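Look at the two complexes coming up: chain A is in both, with chain B in one and chain C in the other.
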Partner chain A sequence: MGKRVLVVDDDPDVRLFNTTVLEENGYEPLEAENGEDGLQMIRAEQPDLVILDVLMPRQSGIRLYRKLKTHAELKNVKVLIVSGITQKAFLRSQQALTEFGGTPVPEPEFYLEKPVEADVLADHIKKAIG
Partner chain B sequence: MSWPTISRKPSGDGTRATYHESDCPMDMRIKKLLFVTKFEELGYDALETLLSLRKAFLEHIVFLYVIERDKVAMQRGVGFKRDEAIRQKEAANIRFIDWAERLFVQGMEVGVYIQIGSLAAEVAKAVQKEEADLVVIGRSQKSTLEQFYSGSTVTELIRRLSVPVLVYKPAPELPFAMGKPFDRPLLATDWSPASMRAVDFLINMKPLIQEVRVVHVVDQGSIEGSSAMQAQKARKDAKQRLEEVCARFESAGIPARSHVYVGDPKEEIEKALRECQATLSVLGSSAKTNWVERVIGSTPRHIAEKSFFPTLLIPPERRSNGG
Partner chain C sequence: MTRILLIDDEPDILRVLCRSLEADGYAVACARSGPEGIAAFEAQRADIVITDIKMPGMDGIEVLKHIKARDPDSEVVIITGHGDIDSAVEALQFGASDFINKPVRDEAMSIALKRAEDKIDIKRRLKEHTHDLEHKIESATRELRRRSNFLGRVIRSSNDGIVATDEHLGIVVFNPGAENIFGYPQEDVVHKLRLPELLPENMTASFLQAMTSAEDRKDWPWTETELVSRTGERIPVRFSGSILNERGRKLGVVAFIQDLREIKGLQLELVRSERLAAIGQTVAGLAHGIKNVLHGLKGGSYLVDVGIAKGDSQKLQKGWDMIKRSIDRTANLVMDLLSYSKEREPEYQECAPNEIAAEVCDLVRERAHQERAEIVREFDPAIGRVLMDPHTVHTALLNFVSNALDACLFDEGTGKSWQVRVRTCAEPGQTIRFDVSDNGAGMSDEVQRKLFSSFFSTKGHRGTGLGLLVTRKLVEEHGGRIEVASRLGEGTTFSMRLPYRTQARTNGLPRAG
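Now for the complex of A and B:
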């Protein structure tokens, strides 16, 4: 069985695209449609990689990323952010939350701004988890 | 002017900043706001004026754009207008990404829904899914005649929701009302349970409020044919009850003044808003059905639809939440 990758995105078309790329490259995809469901699945399924959107209902990718990276058992879960939100805005938002009294979190290792080509996505997944 | 001390205590992950106020009713706090927009009537400038609500607990904004079903629905010879739905969805998405970036970098939490359906139904669904505490919508552009036939969105929302609805109208003709809607709210009370609930709501807004005006309109019809003594007694009774409401505000640290008006509530409330240079009208709303409202009319709906001022409608307490 291939490595497991959780796709957290509220757009069903994007989930379909990402899971298709994953399957074609030998990974096992899992899906969640918002940050809250995503966190539950990460706890339950412990995937090798999370492909994370930012702007979503219930809980954004910014909060989910922060929760992961400040959680003792989940902080090593690899995250590839794929979003229409720019990396610059993502980093500044994390800075703002840290300034409001939060724990500093590391910058994401992998960040792609939408739209993303299939081969670029596949390359980044491979770089992240092999 | 001095306010009682409020302590702001951030939590460890930086995602919560909570005011500790033992006398604030918990269920009326505005932590999450649902901002319903079609972009023409409510833009980012309007949203920015509402960010002052961060002083009073706001931490999460959810955007909702509804593609009206009849604009893209199946039509003879055309079918489902998929291209139009995609065009609207992508246009809305691009706008929301821009808005979200501006809010994220301020440490706000942001979410988004772009749905195809009827406005009132989609608002109700989003309120339920997100457990939103306040809905913000723009003023309806429909004429009175159109409202009679199609039903008012505001009326429909009030009927469906148990959370307050802010009908927001940036009003360039009222310079004192621009940019700070919660500065000087005017609470028009008819002593209904919803009006009294509005008092709790405004007490939660204390960090934003300079002064509250509390108004009751004695219906002209109720004192017609009465003696001068009876009319004065009606005024005195109303004033006494208003002073009791003011005392609640004052004891929570919010300056409050009371006013009695006589006449048609719809006209007198608008008059009071101007005379008091209010920045927001606040009214308790009943849960009348659409047809009742259409036949006998509704003061809250009239003010929400017609007034120049932003209008906050507080529904009565209901057993179930959301939609």
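Now for the complex of A and C:
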């Protein structure tokens, strides 16, 4: 079996699309529908890559990303953000949280704005984890 | 001190009289003939001249004439010979204040002097009084002119048109404001036109009636109307007027006219620029909404492609479902847009607000259960059947309750038991208040400020960003209003107040029942 990729998105259609792209390209998809469940899955399953949505109920992608990047063991988990929110807005929200006394977090390595073409998504996954 | 000039050709009499007058405290000058006396008078005026009548060269009457010609205010007392009544009368005719007979007795002299002094005093006081009066009239006139100029200036500088008439409605005041509105110069109107020739009939009719009847009407409240200028332009104006009264007599009328062209123009421009801004937001918001839908369509077609390529009918089905859902979302977006942009009159029908609230609670029960939130109903039993637009109530409540459930769903607080409370309450003034409260995520001030702006959404794929906007539009069309109270992390309450009608007040309402 190929490398394991966790898809965290509250929209079932997005999860279905992402997991299909993953399967078609030889990866093993995992799914979580919110930030809370996503963090548990990352701890339990240690995936090679997390494809993360930003606006989700029960812990947003903004918060989950911070938790990962400031977590001693999990900070090296690779993250690809796929969101309707622009990268600029995402960075601004992270900055705001840092200013409120949080630890600075690195900018996400991979960021895609919706809508995403299947081959573009596949390319980015390949770039991230091969 | 009163100054006296004493003229007599007899040196003894002159000396005796002089001593006696000086002893009485007068300042006395003496002269021994008429010409000498006049010369002395020219050199220094005397208040009182006492002159003998019979003197060689120039007699007392001549002296009297001279003195009176030089100074009419000087008093002249004539000394006449005993029994010379004719001379005395002549002297009085020429303005002598008194006469005394020779030989001159002290009492007669002091009475004559007293009279002369009184006359002088009265004249002085009269003069002072007259002077004072002239001064007072002058300053009162100045003040009057100043006030009248001031009032004139006030009337002239008013931006409002001011037109005043006499009791026959003939125009007597027509200020520059009125010139601007009507397009007539003042000189073509004042004392030339009557009010009915200037204002449309609907504006003058009540003036005419108020002036000609015993009606006790004093003023007219501001009303908006239109008048026609000299050039035929129809001018929107605000108009009010008063009857000018003085002690119950009707003096005329005054009309105040505000030119609304500029305001109307600005209002139009404002509406236009607001619409432009809304279009700008609409385009940006639409692009965002369409991006989300596109994502679903692309995802769906990818799945369909994969399904076809592999002959995987399950993939095919899932892809097709995804496409159909995206089509539904497009339809929702378009419907929201349409109902936002279209004006709609509320359709009043007899309905029970509590029943509508209950329907909405039933509708979301399943979803609330999935999201671990409880719906609590608190309906006011005093609310019966009323005339309202049930569509407005239903749409608004469903929007509020969905928002409240989203607020619970998006709440990152743990260990909370989420609740959405739906409350109805009859309020005075034929109003029903609907409260939908949640103890979910709450909103920051910034989010609260953006709540009613188009396409604002914090819910990712869940919202079109139009829900509250559509709701607010419906509520406002229904004459109601929405209030929001929220604290981040504590929850939100939406309050909607909707007025209702009663059967009695809406007699003949075609859609009722």
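One rule holds for everything that comes next: the second predicted complex is superposed on the first by the 130 of 130 C-alpha atoms of A that agree within 3 Å, B and C clash if a C-alpha of one lies under 4 Å from a C-alpha of the other, contacts with A are read in each partner's own complex, and residues count from 1 in each chain.
As a convention for this text, a residue touches a chain if its C-beta (ideal position, glycine included) is under 8 Å from a C-beta of that chain, and two chains touch if they have at least 3 such contacts.
Here the structure is a predicted model, which is why all the values come from computation and not from measurement.
Participant: Putting chain B and chain C onto chain A via the overlay, clash or fit?
Facilitator: The answer is clash.
Participant: In the overlay, answer first, second, both or neither for which of chain B and chain C A:67 touches.
Facilitator: In the superposition, A:67 touches chain B alone.
Participant: Identify the partner contact of A:87: answer first if only chain B is touched, second if only chain C is, both if each is, neither if none is.
Facilitator: Neither partner.
Participant: Kindly classify A:117 by the partners it touches after superposition: chain B alone (first), chain C alone (second), both, or neither?
Facilitator: second
Participant: Touching A:14, do we find chain B (first), chain C (second), both, or neither?
Facilitator: second
Participant: Answer with first, second, both or neither: which of chain B and chain C does A:25 touch in the superposed model?
Facilitator: neither
Participant: Pick one for A:100: touches chain B only (first), chain C only (second), both, or neither.
Facilitator: The first partner, chain B, only.
Participant: Which region of chain B runs into chain C, 7-15, 133-141 or 205-213, after the two models are superposed?
Facilitator: 133-141
Participant: Please identify the positions on chain A that touch both chain B and chain C, taking each partner from its own complex.
Facilitator: 10, 54-60, 63, 84
Participant: Once bound in the complex, which stretches of chain B touch chain A?
Facilitator: By the definition above, chain B touches chain A via 10-15, 17, 62, 93-94, 96-97, 100-101, 104-107, 109-113, 129-130.
Participant: Can you name the residues of chain A that touch chain C in the complex?
Facilitator: That would be residues 10-11, 13-14, 16-17, 20-21, 24, 35, 53-60, 63, 84, 114-118 of chain A.
Participant: In the complex, go through chain C and note every residue touching chain A.
Facilitator: 288, 291-292, 294-300, 302-303, 306, 315, 318, 322, 325-326, 406, 409-412, 458-461
Participant: Quick one: in the complex, what on chain A touches chain B?
Facilitator: Within the complex, chain A contacts chain B at residues 10, 54-60, 62-63, 66-67, 70, 84-86, 89-90, 92-93, 96-103.
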